[in-house]
Amino acid sequence: MKTAVYRKTHFNSAHRLHNPQLSAEENERIFGKCNRPNYHGHNYELIVKVTGEIDPISGYVIDMKVLADLIKEHVEEKFDHRNLNLDTEEFKNLNPTAENIARVIYDILRSKIDIKFDLGIRLYETERNFVDFPA
Amino acid sequence: MKTAVYRKTHFNSAHRLHNPQLSAEENERIFGKCNRPNYHGHNYELIVKVTGEIDPISGYVIDMKVLADLIKEHVEEKFDHRNLNLDTEEFKNLNPTAENIARVIYDILRSKIDIKFDLGIRLYETERNFVDFPA
Amino acid sequence: MKTAVYRKTHFNSAHRLHNPQLSAEENERIFGKCNRPNYHGHNYELIVKVTGEIDPISGYVIDMKVLADLIKEHVEEKFDHRNLNLDTEEFKNLNPTAENIARVIYDILRSKIDIKFDLGIRLYETERNFVDFPA
Amino acid sequence: MKTAVYRKTHFNSAHRLHNPQLSAEENERIFGKCNRPNYHGHNYELIVKVTGEIDPISGYVIDMKVLADLIKEHVEEKFDHRNLNLDTEEFKNLNPTAENIARVIYDILRSKIDIKFDLGIRLYETERNFVDFPA
Amino acid sequence: MKTAVYRKTHFNSAHRLHNPQLSAEENERIFGKCNRPNYHGHNYELIVKVTGEIDPISGYVIDMKVLADLIKEHVEEKFDHRNLNLDTEEFKNLNPTAENIARVIYDILRSKIDIKFDLGIRLYETERNFVDFPA
Amino acid sequence: MKTAVYRKTHFNSAHRLHNPQLSAEENERIFGKCNRPNYHGHNYELIVKVTGEIDPISGYVIDMKVLADLIKEHVEEKFDHRNLNLDTEEFKNLNPTAENIARVIYDILRSKIDIKFDLGIRLYETERNFVDFPA
């Protein structure tokens, strides 16, 4: 049986939900106040889950400091105190819903973490709304 | 791979654990202070999990406002500021344990949410005792 | 300068807000769904604050175990898994609002704790609604 | 002795810290990443404290529903899912630090709440940084 | 479909991460400040998950009081207010990482809980670092 | 009216409550399991409160980054991942109760923060036991 380890961190970003392929009315209907033009923002809380075998020498699945540094360098530096729509390549053409942000973070970290580990992303947009990728 | 989205909400209810098929002594032995005749109560916290594909137009698995409204109409209106044993059809003949409340909420919401989505219920009776249905 | 120490605990109770001196309409108008006849309930969280000098021998303001036992014996045993309106002397003729519950707990504990200490009560009815007595 | 009641709510906003009277270098030195031009955002948590006497008829200091509606109408509607710098009159010429946001909310609510009550504002910008006005 | 029930509890322990088979330099490199010789400590939060069928008589998967007593007797009494490295048999020759503590707790409780139930352990070392066994 | 700003941080330490002027029996009676010889530990949460006027140029009471750096350098570096009894000068001859730790942190920070600001320390030993100095 494998063990999962989790690292919780956070970043604070502005965003706006908007699909340029839709009309203004459709955007307003689907996204409501999240579509307002001048952005709003969130304290995103991110939990990264790494699943694998416990290393018998260290007693670790993965070194949490290494994992924390990876998240800091590749996720926090990119998204923290940024406007997701304006300041990031990832959301230039992708609507920054919580679902899509989680998927983007998964793709970023998947390429940095040994494939022998399973990876999971939980992202809290607020304490009332959150997502897992993969489910 | 699918994505899971979660919506957290709450309701405040009175209840009492009691099985009329058991003797008073058995009820007291099994349910302890939860069996006291005049009810006690909880701030129930409910997390509804919906699993599916991300819609490419909206970037949503499901519109969280639609989900929140479903929960409000069919769960909160029914249970919030109610006595589960006395005021609800569901627990007239079913002991309102956290397990049974979660299962009842699952049944209520399962019939309202498109079958293409998987559904999961987490119910916190207190921050120390909580349940998932299905596991 | 004095030091304050805090002990957090909890109890789960049913209650109903109702003033028998008011008409049914007035009760419904003032208390809304909190006035429903069959009770609802809460996970009350209680924080007891005791302020005094640090004892130079123990390094304590007050022994937290002694304080915890006092709260358990005189507050939790009385209110936990009870119906405040039906099962307690204190709320037979007093509306069990959060304000009044805090004041009652203050009176109970004030008589048990050395007068050299200042006493304060914080009571969370929910995480969104809470009170302090005294302010 | 008086009683204090507290109502917790929240709003999600974008903002940027910037003082146009300062040079770009000074803005960058003082506000760091909070000065980035395209905004970032927060899940602000707001706790409004109202202090007064318990009304003997209702058992309330103030009707929490009335207080919650005031906060919703005059604070949440104004700031939630907005850009504080661009979308609000209050921060057109005032730097939206947590300190200033708390003071602005105090001024808004002070004019709506009977002067017989004392008023206090706690604002969490994040769970690590928060302010009280007045102290 | 089965139901999972969860019981949350806690214990406060000192520990040090150290593998005597490694050199002092390797221990320092792998474990950093967690390797300091005089120990540090944590408020461990433990969530025990038990999965099974709801008993039609009680409405319980398992009696939470029985589960809580098992955890208290076999886990809390052993680890709470102890030095994991010095005071416990389990970590005399096993590095007390969160991963290993979770696995040890699993083994302890697995032998006490009917095999018809699935068992899972979540252990929070801090709110930022936590593990599940099995994953 | 002044404004208070708060910065929350944490450190993880081992400690033991013991007064060498008392007999072993008295130590055991007063401190119970906190007196066990091989130490236990906590995730201490520290909230530092600074009260003053809002600076009209920055909109800050105090620069939170400066405050956070002060806490990191003078408190966290000293206590985090340490044994308070063995590794610190402050508790060589002072019993490391939460009360005394808060007072020591107050003294450390008071000498580093401009006297025009009022200073307050809140220290959580656990979420159930915490202290304020000054009260």
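Labels A, B, C, D, E and F are assigned to the chains in the order they are written; within every chain, residues are numbered from 1.
Going forward, a residue touches a chain if its C-beta (ideal position, glycine included) is under 8 Å from a C-beta of that chain, and two chains touch if they have at least 3 such contacts.
A quick note: this is a predicted structure, and the numbers were derived from the prediction, not measured.
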Touching chain A and chain D alike are none
Which chain is most remote from chain B in terms of Cα centres?
F
List the centre-to-centre spacing of chain A and chain F in whole Å, with centres computed as mean CA coordinates.
34
So, in whole Å, the Cα centroid of chain B is separated from that of chain C by 28
Listing for chain E: what residues touch at least two other chains?
127
Pairwise touch list, complete, is A-B, A-D, A-E, B-C, B-E, C-D, C-F, D-F, E-F
Chain C residues touching chain B - in the complex, by the definition given at the top
10, 12-15, 33-34, 36, 38-43, 80-83, 86-87, 126-127
Please give the residue numbers of chain F that touch chain D in the complex, ascending.
1-9, 51, 54, 57-61, 63-65, 118
Chain F partner contacts - residues on chain D that touch it in the complex:
17, 19, 21-22, 30-32, 94-100, 102-103, 127-135
